Amino acid sequence: MARDEFRFRHTLRVRWSEVDKQGIVFNGHYLTYFDVGVTEYYRTIGMPYPNAIASDGADLYAKKAEIEYHASAAYDDLIDVCVRVVRIGRSSFEFRIELYRGDELLVSGSLIYVNANSETRKSAQLPAPLVDAFRRFESVAPEESGATR
Amino acid sequence: MARDEFRFRHTLRVRWSEVDKQGIVFNGHYLTYFDVGVTEYYRTIGMPYPNAIASDGADLYAKKAEIEYHASAAYDDLIDVCVRVVRIGRSSFEFRIELYRGDELLVSGSLIYVNANSETRKSAQLPAPLVDAFRRFESVAPEESGATR
Amino acid sequence: MARDEFRFRHTLRVRWSEVDKQGIVFNGHYLTYFDVGVTEYYRTIGMPYPNAIASDGADLYAKKAEIEYHASAAYDDLIDVCVRVVRIGRSSFEFRIELYRGDELLVSGSLIYVNANSETRKSAQLPAPLVDAFRRFESVAPEESGATR
Amino acid sequence: MARDEFRFRHTLRVRWSEVDKQGIVFNGHYLTYFDVGVTEYYRTIGMPYPNAIASDGADLYAKKAEIEYHASAAYDDLIDVCVRVVRIGRSSFEFRIELYRGDELLVSGSLIYVNANSETRKSAQLPAPLVDAFRRFESVAPEESGATR
C-alpha cells in the first residue's frame, strides 16, 4: 500500500522501557503504537473514543490483529503511525496501519474491531455517525462488506 | 530488615519484555513485581483483591511508593517477592517489600495504600476483616499508628 | 486446531497492570503472553533462549504475528498458553499459539520467527540443533517448507 | 516545591494501555512517565542519553525512586512532566519530578541516579560535562553534596 493513501499520521517517540535486550522495540509494543495511532485517528475524524463511539451498551472490541515486522525501531526513534480504514462491514471494520521511520517502512499490519454489546458480547450494528465519519475522512474509499446501513 | 521476618514469598520469573537495553529490568517494572506480590499476599491471607477488600463504595489506592535498587535483575531470573505489612493506621497501611535472587537482595521498598471512597476519594476506615487478617498472618506484629478499631 | 495437538502448555495468571478500563486484558499484552509461552517452550525442549539458540552472530527476530480474539481474559484469570511448532523452513519457523481459560479458547494466533544475522539482518539457516529439538518434541510433525537440512 | 522552580516541562498523553480497571493510571506506569521526562530533559540541556552521558565504560543506574500519589491521572489526560535536578554529588544526583494536569498536582517524586562502571557496578565520578550542563540549565541552583569537581 502506498504511503500517500493515508490521510492520517501520528508521530511518537520510542521510549526506553519499550526497547529490549536486542536493542529493538519488543514485538508486542507495536500494538501499543497501533492503539495510540487509532486513538488519535478517532480524535482527528471528530469521534473521540470512547465518548463519541461507545453507546447503547455497546463498545468496540479487538477481533483480529496482524503485524508484519520489516525492520526494527530503536530507542529514541521518531515513528510515524499511519492509520486508515480499509473495510467497513455491518458490525465490524478494519484499520490498515503502517509504521515509518522517515521513509522506511518498519511495521505494517491491520486491526479488526467489532462493535458488540458489553454484557452479551453479541455483535451490534456500527454506530452510523462513526461509519459516516470514516467515509467522510478517507480519501481512498473503504471497501464495503455487507450491508452497512 | 531480616528476610526471615517475611512469612510471605512469591516467586516470579523475569520476562523478556521487562528487560531493557542495559540488559536489566527497567526500573518501573519492579512496581509491577510489587503489585504481583501484593496480589498473592492478599490471596494467601484469605482476603483476595478486590472482592474481599473493596466494599461500601471504598477501594484501596496507592498513596506512596519507595524503591531502592541494590542490584539488577536480569532476563530469566527467578525473583522471590517478599511482602509483609509493617504498619497499620486508621485508613492506611504500609507494605515492606523485598526482592531477592537466591540470597541476594536486589530491590527493597515500601508501598502505602489508603482506603478511600471511590467517588470522593475521601479516606475511609480500613475494613476490620482486612486489619484482622493482617494481624493474624504476620509473625512480626505490625506497628499500629492511630486508633484502628 | 484441537487442543490435544499441543504437547506444551504453560500457565500464567493475568496481572492487574495488564487489564484495562474495559476490565479485560489490553489486546497488545497477549503478545507478552505468547512470548512467555515461547520462552518456556524453548526451555522445555532443552533449547533455552538465547544461549542455546542465538549463535554465530545470528539471532531470532519476529517476522509476523497474527492474533484472533475470541473471548477476553480478565483480572486474576489463570491462562494456559499452548505452544507448538507447525512449520519449519530454511531460515524461519512458525509457532501456533492458543490461550485457554479452562476449556474456553480465548485467543489464538501464530508467530513467525526468522533467524538472521544481528548486524546485516540477512536471513541465516536455522541452527540444526534447534530444528532437531522441534522435530523430536512435537507429536504432530511440523510441516516442512523448503529444504531445511 | 513551587511549580515555577521547574524550567523544564514535557507534555504527554495517557495511553489506553496505561489505565487499569479502576479507570486510573497503574501506579507503576508513573515511573515510565518519569523516565520519558528525564529523557527529554537530557535532550533539552544538550546531553542526550545515552550517547552524551554514558562513557568510559560507565553508565547511569537508578539507585532510588520515591513517588507520592496525590490524585489520579485518567485515560487521555494531558500530563505535564516537570523535571529538575535538585542535588549533585560526586557520583550521583537527584531529580525532583512533578506531574500536573493543568494546575493540579497529581504525582510528585524523586529519582536518584548513580554513575557506575557497567561491569563492576562500582560508582564512578559523574562526567564533568553533565554536571556543568545541570548547573547551567537550572535556575534554582542544585544543592551540592560532596566534592563534585
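The chains carry the letters A, B, C and D, assigned in the order they are written, with residues numbered from 1 in each.
Everything that follows uses one rule, which is that contacts are C-beta pairs under 8 Å (C-beta built on N, C-alpha and C of every residue); 3 or more make two chains touch, one makes a residue touch a chain.
Every value quoted in this text rests on a predicted model; they were computed, and no experiment measured them.
Colleague: Measuring between mean CA coordinates, which chain is farthest from subunit A?
Modeller: Most distant chain from subunit A: B.
Colleague: So which has more C-beta pairs touching, A-C or C-D?
Modeller: A-C
Colleague: Just how far, in Å, is the C-alpha centre of subunit D from the one of subunit C?
Modeller: Computed from C-alpha means, the inter-chain centre distance equals 36 Å.
Colleague: Return the distance between the CA-based centres of subunit A and subunit C, expressed in whole Å.
Modeller: 24
Colleague: Which subunit C residues touch at least two other chains?
Modeller: Touching at least two other chains: 16-17, 26, 28-29, 32, 35.
Colleague: Using the touch rule from the top, collect the residues of subunit C that touch subunit B in their complex.
Modeller: My answer: residues 15-17, 32, 35-36, 39, 48, 76.
Colleague: Can you list the subunit A residues touching subunit C in their complex?
Modeller: 22, 26-32, 34-35, 59, 61-69, 71-72, 118, 121
Colleague: So in the complex, which bits of subunit B are touching subunit A?
Modeller: Those in contact with subunit A are residues 16-17, 19-21, 23, 26, 28-29, 75.
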